[in-house]
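In the two complexes below, chain A is the common chain; its partner is chain B in one and chain C in the other.
Here is the complex of A and B:
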């Protein structure tokens, strides 16, 4: 579409014009609906429920204030943050060592292990919440932040393994070997040489785990009753809550996602690269 | 510690974790679904499939996937080739196009509700253009097609990004020499796309399709936010069995049906897009 190499001048310019328009339209397709949500969130409850709608926000924070003061909302928000933070920590602690093992060692059962990791993506994971709900009641983990974080870690840990695998693979083995000859053992070489190099990547995959947990709806709704997360709380109140409450809730859900995707954009491709080989 | 055991020590935490929270629960869900209180049977499956809502929720789930996934595939392929040919502003465009990747399905449903609700933006625009005098209820039982369209649009908006990322990564792996050679032999851009990009992209295409189709069968929060009970899908049936009807065995049976169609479609996609041995890049 763009590099019409031997075509005459005129069609090439038309082609470029069509191309630019298409890029612009696709950007608008993504950003437009988001903009409309922002307009609704930053308008007063009256404006949100009125007709016809204005297309620019009033920058009125009543809807947000109403949302924050709504019974149970702040605790739900707080629960979401706690579950997502726990998920983030657990998935890195559990996943990163495996990523290192996959990138540095040839061992028996490596293929089986890789298949186990890839298998998790071929299953509808949120359904796991159903049997785990029963299991958690037996073990006293039901309706707890930790129980839900365990399920969310199951969702996030395969990604943590794949991302850290590709990160470690990007660091030459020779660097570590050089550190060994200079008197480091495996552990100190790892801490002094490898860790500083991959810390940004580890942060990105931790953020990705946070977003997975932050956004998850089904398992959260199944596994929590009193300690609802934000998504579970919003889902439960969908039928009954006012429009401005829904939109403010949607807004609060979206904002961290925007920041996080921006923060991890460099590493987005590392997550999928492995599956292509 | 001996280097021989080190890898096993390193993968042990994940293996235990996935065994406990991935493999074991699947065993449990299967057990619950096939057990009827006295012994093994298909009673739970008979119960859920004979429920009056089952045919419509089954049909809705499959139809939604059948409409949404091909559109997403085409859109993601278009976007990926566009990004690939981009010189200036590639990072910015790619960031904007991947924003929906971080947005939850519930938030996506709410976003499209802002457009499709009665006093929403679609009605406002039609009012502004003079098509209608008063806002009409767009999402109601009288408008099943419109509910379907709204949910499909929300799904396409939200989940095309995941295919895009996989396909952009895949296109990046195709050696540039193939395209140069094709140009030497006078192949146009369309021919290059069909003869080089598509065949060499097969592994990425199958990854993207498998992932996306499975997620499509799991569609839940978007539907809840936009259609509510007006548009039953399999996942919302599972949820209703678990919570409203407090029937864990029936919920497990529906879950296994979702699992079944997921596995069947995964196998079908992998079959169709299989790369012959030794023919990789």
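Here is the complex of A and C:
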């Protein structure tokens, strides 16, 4: 060992150090804030506001309990779930057939269509939210779960289309054709062959849509007043709250999204791997 | 009874003409191979028969029934795909049973048929496995079993062996021929491999640039190519071509030697002979040896005859080296003549081959 350390540095070892450092920094970048959020949420209000900070959670649920009893909190949580679920269903119902069409059929303007789908993401939401608010007030969609879900669906649909497009493209056409020669029509072949193969991916992209809606705050804040979602509700109330409550609010927001993403991580990586085709 | 008639079928992809006025009849229980280089339209033709592609014009008849407007499921066909297309989410048993279930056969009948075809293809032990747990050869067996279990009128195969390694391909080829002869099914088989085509086919349709150049039995295709294209495509190495000039007496000069040939208006013809149909002789076509490849049973000798490449497979005892000049004598009844202007074979008047 002494010989090895006195010898000139092996470039492979240097490479390994750089690699390890990079991995550490990237992990710290993601996990550090999450850990601090976790510690401060599960600490007593006194501990959060005192100095020096604790780095080990006390498992004090005071802040969380306070939060759950906060007026309007549960209804906001419930609204968030409803909006996100509706977004999830609508974006798959719209996105999956579009993805199938993009993957299986040749039609005029196909490439333009693909680019247009991406372009919808080029408009900053504030630009859209105000005209939308006016439009929604005129049509009576303002401050409704459905109206907000509609906006979130437009945000989630591009992802749903591109993700399902690559999922469908990953299923060889021959499988469908084989099913046709074996007695299926287009629909039964889809149900019996394509759907079982793509279902995990569809689930992943549905949950992705759910998370997009869950985390969206701007449209939610502009378009709802009474029926606030959790993000809008927290944005409105946390500003003036004590530090420990801010932590608790953040924690409640982050955890469901984290759980969802963790549950479908395998598919997310898979579809991102092929989504940039 | 399953006779297939293809009448005037053409297919255009945008401005590109993939198939051009195809007429073909495949008789009952016949094994027809569509042979051609990639891009010649053979797979497109197969897919039109299957109903996976729509012909721009023309008719497809199976069993005296016009089927070109019907979806694949109503044509009485089964297909084996190049990449097997075994459903990955189903077991081998369910894969083979898939078509039978779609046609609502009673379950006892399904079990019986699945076991029978699995036995035929030697995959009984794999019935509970998924396609991910199978080798390429096993997947191919499942794909064939799935098609056979349907007991179709016609079985269509699109290069089914091309993804297998050489040894397995040889084994599957013989097996496929046996199984299909047994099943008495009419078969259309697409391949670019001429050895495969020769060994399997009752009849071969050689295709080139969207048309059928010649449809005949393998030996006839080999011996009597209808066009220069077929002569240059079939055989490994393919036929040799030399320029023949007409002499005043009506005979033809080839490599300095006079030969009897067709009497026709042309002043030059292409003289064609297979490499194995020439022998070393005292006098004959003068050839300068460029490469000698010993192949065990034969020597493959590549020579130069008046600037044209000429290959001969000679006896391996022949003592020939690079740079030698040899005289080659063709076997007279194996000489074929082609018209250089249109590539068609020029028949001799007397025996009219």
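Quick note on the criterion: the second predicted complex is superposed on the first by the 249 of 277 C-alpha atoms of A that agree within 3 Å, B and C clash if a C-alpha of one lies under 4 Å from a C-alpha of the other, contacts with A are read in each partner's own complex, and residues count from 1 in each chain.
FYI, contacts are C-beta pairs under 8 Å (C-beta built on N, C-alpha and C of every residue); 3 or more make two chains touch, one makes a residue touch a chain.
Every value quoted in this text rests on a predicted model; they were computed, and no experiment measured them.
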Checklist entry - Superposed on chain A, are chain B and chain C clashing or fitting side by side? => result fit
Next on the checklist: Quick check on the superposed pair: does A:68 touch chain B, chain C, both, or neither? Answer first, second, both or neither.
Outcome noted: neither
Checklist entry - Where does A:100 make contact in the superposed view: on chain B (first), on chain C (second), on both, or on neither? => result first
Next on the checklist: If we overlay the two complexes on their shared chain A, which of chain B and chain C does A:137 touch? Say first, second, both or neither.
Outcome noted: neither
Checklist outcome for this item: Chosen between chain B and chain C, the partner touching more chain A residues is B
Checklist entry - Once the shared chain is lined up, is A:18 touching chain B (first), chain C (second), both, or neither of them? => result neither
Next on the checklist: Which partner chains sit in contact with A:243 here, chain B, chain C, both or neither? Use first/second/both/neither.
Outcome noted: first
Checklist entry - For A:215, is the partner it touches chain B (first), chain C (second), both, or none of the two (neither)? => result first
Checklist entry - Under the superposition described above, what is the C-alpha centre angle at chain A formed with chain B and chain C, rounded in steps of 10 degrees? => result 100
Item to check | Partner chain in contact with A:180 - chain B first, chain C second, else both or neither | outcome: second
Checklist entry - Of the two partner chains, chain B (first) and chain C (second), which one does A:196 touch, if any: first, second, both, or neither? => result second
Item to check | chain B and chain C, minimum CA distance [Å, superposed model] | outcome: 11
Item to check | On chain A, positions contacted by chain B and by chain C | outcome: none
Checklist outcome for this item: chain A residues touching chain C in their complex are 172, 174-175, 177-185, 188, 192-193, 196-197
Next on the checklist: Help me check something: in the complex, which residues belonging to chain A touch chain B?
Outcome noted: 1-5, 19, 22-23, 26-27, 29-31, 33-34, 36-37, 40, 49-53, 55, 93-95, 97-98, 100-102, 104-105, 107, 109-110, 113, 116-117, 120-128, 130-135, 150-151, 153-154, 157-158, 161, 186, 211, 214-218, 221-222, 231, 234-235, 238-239, 243, 246-247, 249-250, 253-254, 257-258, 260-262, 265, 268-269, 271-273, 275-277
Item to check | Residues on chain B engaged by chain A in the complex (per definition of touch) | outcome: 3, 6-11, 13-15, 17-18, 21-22, 25-26, 28-29, 32, 78-79, 81-82, 85-86, 91, 93-107, 110-115, 117-121, 123-124, 127-128, 135, 157, 165-166, 168-170, 172-173, 183, 189, 203-204, 207, 210-211, 214, 217-218, 220-221, 224-225, 228, 235, 238-239, 242-243, 248, 251-252, 255, 258-259, 262-263, 266
Checklist entry - Can you list the residues on chain C that touch chain A in the complex? => result 50-52, 71-73, 77-79, 81-83, 85, 87-89, 98-99, 102-103, 146, 150, 156
